[in-house]
Amino acid sequence: MDNVNTLWLSSGLAQVQAGQIFMMMVGLGLLFLAIRKGFEPLLLVPIGFGTLLANIPGAGFELAPIYDAAGHMTSPGGLLYYIYSAGIETGLFPLIIFMGVGAMTDFGPLLANPKTLLLGAAAQVGIFSTVLGAVALGHFGILDFSIRDAASIGIIGGADGPTAIFVTSKLSPELLGAVAVAAYSYMALVPIIQPPIMRAMTTQAEREIKMEQLRTVSGAEKIIFPLTLLLLVAFLLPDAAPLLGMFCFGNLMKECGVVARLSDTTQNALINIVTIFLGLGVGSKMSAEMFLNYETLGILGLGAVAFCIGTAAGVLMAKLMNKFSKHKINPLIGAAGVSAVPMAARVANKVGLEANPQNFLLMHAMGPNVAGVIGSAVAAGVMINLVSGM
Amino acid sequence: MDNVNTLWLSSGLAQVQAGQIFMMMVGLGLLFLAIRKGFEPLLLVPIGFGTLLANIPGAGFELAPIYDAAGHMTSPGGLLYYIYSAGIETGLFPLIIFMGVGAMTDFGPLLANPKTLLLGAAAQVGIFSTVLGAVALGHFGILDFSIRDAASIGIIGGADGPTAIFVTSKLSPELLGAVAVAAYSYMALVPIIQPPIMRAMTTQAEREIKMEQLRTVSGAEKIIFPLTLLLLVAFLLPDAAPLLGMFCFGNLMKECGVVARLSDTTQNALINIVTIFLGLGVGSKMSAEMFLNYETLGILGLGAVAFCIGTAAGVLMAKLMNKFSKHKINPLIGAAGVSAVPMAARVANKVGLEANPQNFLLMHAMGPNVAGVIGSAVAAGVMINLVSGM
Amino acid sequence: MDNVNTLWLSSGLAQVQAGQIFMMMVGLGLLFLAIRKGFEPLLLVPIGFGTLLANIPGAGFELAPIYDAAGHMTSPGGLLYYIYSAGIETGLFPLIIFMGVGAMTDFGPLLANPKTLLLGAAAQVGIFSTVLGAVALGHFGILDFSIRDAASIGIIGGADGPTAIFVTSKLSPELLGAVAVAAYSYMALVPIIQPPIMRAMTTQAEREIKMEQLRTVSGAEKIIFPLTLLLLVAFLLPDAAPLLGMFCFGNLMKECGVVARLSDTTQNALINIVTIFLGLGVGSKMSAEMFLNYETLGILGLGAVAFCIGTAAGVLMAKLMNKFSKHKINPLIGAAGVSAVPMAARVANKVGLEANPQNFLLMHAMGPNVAGVIGSAVAAGVMINLVSGM
Amino acid sequence: MQDTLIDQGLNLMLFGMGTVFVFLTILVFATILMSTLVNRFTPATKVEQAPSQAPPIAANSPLTVSPHIVSAIEKAVAAHRQR
Amino acid sequence: MQDTLIDQGLNLMLFGMGTVFVFLTILVFATILMSTLVNRFTPATKVEQAPSQAPPIAANSPLTVSPHIVSAIEKAVAAHRQR
Amino acid sequence: MQDTLIDQGLNLMLFGMGTVFVFLTILVFATILMSTLVNRFTPATKVEQAPSQAPPIAANSPLTVSPHIVSAIEKAVAAHRQR
């Protein structure tokens, strides 16, 4: 009878709390969005499943190992604990993913038209105005946000998953679940969020602007650009060096042409392995205590605002640049400055085609699109630096 | 001359013990079985080679690193030590392999005929009757087995390598070598062990039973099944959640169709890397002190009994089910309930073809075959739970 | 204003030291050699980039994590710190790479003509005479070399990157950057360093010697050879067992033919992943304090001498063997005994074709070439053993 | 627990095997229920949805080969032709 | 710092956005300078060098497939033909 | 040991180089012996066994490409044909 009791007491039904059931529904919801709606499935499938695992009553996926006084392990830790502490707390997984993203990035369109970097800068207004929104909510006691939390929430506006995870795991690890879910969800929603804003901020004539064909970029330029970027980062903003350093390393491996087998593994086996574990590890922070509160609603709301402001700022910046330059820019590509590579560039292309079926903006939009990645990594570096000193 | 002495004293010949030589012969024997006889080579090649490495006199493959009082490493540990402590003691490697196995598993045949799950349950009788055998040997002082050892030995009957390694590394790490070797060896011997039992337990008429063609299973069912299984585990038997959770995660990645690149890496690069290190790590427990004793003979004997009983129980269960159902089951597919995927299903097919050359049982046997994986993971969970409380 | 100050103080420009700028130029130089000159790019691209990262002022790539008294992490470590401490300090990365190299090695030519093993032995004279050179420099107070440093410098003459990294990380970690750079640079320079020496040490008639066609080697011999080598190592020189054990394991996986999927992953995804991190980790030891001193110049000079002496010794050994054997060896293949697989074998082939356009030495030179790998792993083992006792 | 080893073994057999059977029996019913529900709710939308939903799943196996390998294959094939 | 939360947020906005704009503006000029220098110094050698330098870069994508896969592909193609 | 550095270096040279030569010389004989034994015992069974044993080894290189890639290749080839 003791055994029946043991089994019953250890069963999920005997231990389950309402919060866990709710979080499992959140996990199932994320899986639904990822699988049926195609919301960034590469990350949301592992995050959703990790949410399920982390909320199984009594399974202990997120428990740390226990050692006796002599240092012997008396109880091994749970899978998600090891993943989180080895890969996320240390920052390794986001950095390795950034290396892989770098190895998949083509800076050609950006090099052909470098001033589109400014569009990538402008879109980061979304990040910082969201920070302001979060501190306002915190200041007036509406939600419990510190300056560290505000920075982590703002970075959602960077529309860049690994950057958001890197910053949040350093500044506000308890918000990691909500921030990562918001970042990936809104990235998936870019085709719904951006077009109305883009249309509202531009005239038909502006949307019809046809841009000059991009010049051919030489292989040497593509090789030297990541090194140029790294050196600038090194001397001006070392706090952005972890993210941008690995990004440039991946890109150099791709472009230099002599380490193709390393570049190939970086873009495939390595980034896939790390993506699986990163997603599961983020899931481990999706516990009821951390997720089921008004702060999460605030994060989701602020994240949406961040995307909208970033989109608008990119478009406005493009319009401003057109005032000073005779090579006109179609302001729709400014919206691609939020990053969300390559979705935002495709959206710019699609809205452009609506205005003029002969106007292909895709390659033009890739410039601000990758500029947005650089821009939010820079914003991440400066926020980590400033917030740590506050 | 000191140097000659140093070299001589550090040579293998000066340090070797009889047990090490014997264990190296065991390692060579495992390599022979794997390479020439095709015994589960993916695991037995690394285990066999790991056995050789672990028994090289003075090479220190299994030594822990040494730190001075200030925490500086004064002597790095051996390769096998790092592998064992990072991947096996923590349970990570068996779990990652289970994820890969999940990503390779097709639940279609099981979903088309869910009652074959009961065949997978019945075959686990092999596990628990072996536990009884082991405690009997322990109780009467014939061999030195505790209840933890008995559970680890019983799990050999689950015919599932990663499950056996997971349970044994938690309950009786010193038996890991013998249990893993027995599990993989008997899995390789399934085509020799099972047919005589299957023939003895069935009549010619039973073996000729032709089963109805399996219905087509929809993609949606295949996606929802791993989630259903996970939720049942979560609420009824959280102790089985690590193994079955990762199994369901791998399967969901495969079936959902939106993360094909993750599923592909899980089934290839990731599972291959982990398999190599898992095998080497198991080899590190193949030392003379742990392996060269009567207990190992007992484990090998009990393991064989476990396979036989499991096979018989699966066949008998199928015959029992036929008494209550009008959709007749060919009892041969009950033997596939021990798991040993896909070998046991092929054996069922082959014995069936002997009885009736038109009777293809392979797909029918895949149902109980994967049910056996679930069944032994459930048995593993319940044993870890109950034994820890004893 | 405080914030401007914070940003300025944390910028690279405010913190940079002359040594860091110089080391960044060294890193760029390595990248130039790797990308434009094709110097062993698989290693020198990651090492060069790692050098850049490690010398970014204030970026903290090489910092250890900081824990508070309760064991909580207050500051995560840098990427390069984790890579170095997990993969290089422990010896794991060089060993895994050696496994991959083993899985890419064909012992066929060596088995067809086993006495070419002696050429691989002779070329190790380069290692040990360089040790003598280093201790002479140390003894006379010209440079600050201990016996451990001398052994690490000598191993450059082994012309085998992972072996050099393995030995140096154990004996003189502070020399790791210089030794690894020298080893890979000179391996890349083999086509320039070796031919003049080879021509100077041989007559035209010797270079024209045509060797008998190699016999066919059976698959069974190829399977049993790595086991034979492992057993000899186990009993005679266990200190060489880590390197040669993993080498033999990789080779057995390749040759046994039953674990092709493991062998394939070992040769591709796994070795590529580890190569990237090994290179970055080596770069983390490329700091100004460790690299910018006269010792580095001494290391570079001695390394070049080591290659020259090794080449000459291999050629001389071949000429000596011709005095005692009626099956003549073309002495050019002796130069391949330094290893630097497969570059040195190709150089022997090319110099041979200059002398006689019909004389293809490539396959004959592969024997001493892989023998050189074994020879320097043996030398590494014996040096680690003897030096640790001094 | 201060049971004898045999008692412990019998307990393990009894409760272990019982749990396995109970769990898998529940799973049988859960699976049947799941399949029934899925097939009841998807047929309605099946006629239109089947084609739209089938491809991602059918496309699974070809997609597991990354696009650049496929393009490399096509190049290899083209190159092979030209010989 | 003992600023209020709002002050901290404003500071972060001001200095953060400023840094982003300053950094990316500098990067614009650095990139233009880099491209100009690269294209000034390579054209001279371009006529001869272009063909020799282009291949390693152009060869990039096919090279990302390891040689043994390519040979396997060729075998597969050959095998497929013979059917 | 309180030898001078030079003594240590000479010792290392002497015993190191000696060990390398002794070890590799033993390996030469061990290899010759191994090959002789292998080829003595396999020829007898070679006539029948060669075909059965050769395939798994010969099959090595194609097998290193996983089956689903091979099938993808065949599909790509088929698709390419139909164009």
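Note that the chains take the letters A, B, C, D, E and F in the order they are written out, and that residue 1 is the start of every chain.
By definition in this document, a residue touches a chain if its C-beta (ideal position, glycine included) is under 8 Å from a C-beta of that chain, and two chains touch if they have at least 3 such contacts.
All figures in this text were calculated on a predicted structure; none of them were measured in a lab.
Centroid distances built from C-alpha atoms place C farthest away from chain D. Among the other chains, E has the CA centre that is most remote from the centre of chain B.
Inter-chain spacing, taken between the CA centroids of chain A and chain F, is 46 Å.
Averaged Cα coordinates give chain D a centre that lies 39 Å from the centre of chain F. Multi-chain contact residues, meaning those touching two or more other chains, occur in chain C at positions 3, 7, 236-237, 257-258, 261, 264, 268-269, 382, 386, 389. Multi-chain contact residues, meaning those touching two or more other chains, occur in chain D at positions 1, 11, 15, 19, 64-66, 69, 73, 77. Those residues of chain A that touch chain C in the complex are listed here as 89-92, 95, 170, 223, 227, 230-231, 233-239, 241-242, 245-246, 249, 252-253, 256-259, 261-262, 264-266, 268-270, 382, 385-386, 389. Chain C meets chain F in the complex at residues 110-111, 114-115, 117-118, 120-121, 124-125, 127-129, 131-132, 134-136, 138-139, 145-147, 150-151, 217-222, 224-225, 228-229, 232, 236-237, 254-255, 257-258, 260-261, 263-264, 267, 371, 374-375, 378-379, 382-383, 386-387, 389-390. The touching residues of chain F, when paired with chain C in their complex, are 1, 3-6, 8-13, 15-17, 19-21, 23-28, 30-32, 34-35, 38-39, 42, 53-54, 56-57, 59-60, 63-66.
Of all residues in chain C, only 3, 6-7, 10-13, 15-16, 24, 28, 31, 34-35, 38, 41-42, 45-46, 49, 52-53, 56-59, 61, 65, 73, 76-79, 82, 268-269, 272-273, 275-276, 280 touch chain A in the complex they form.
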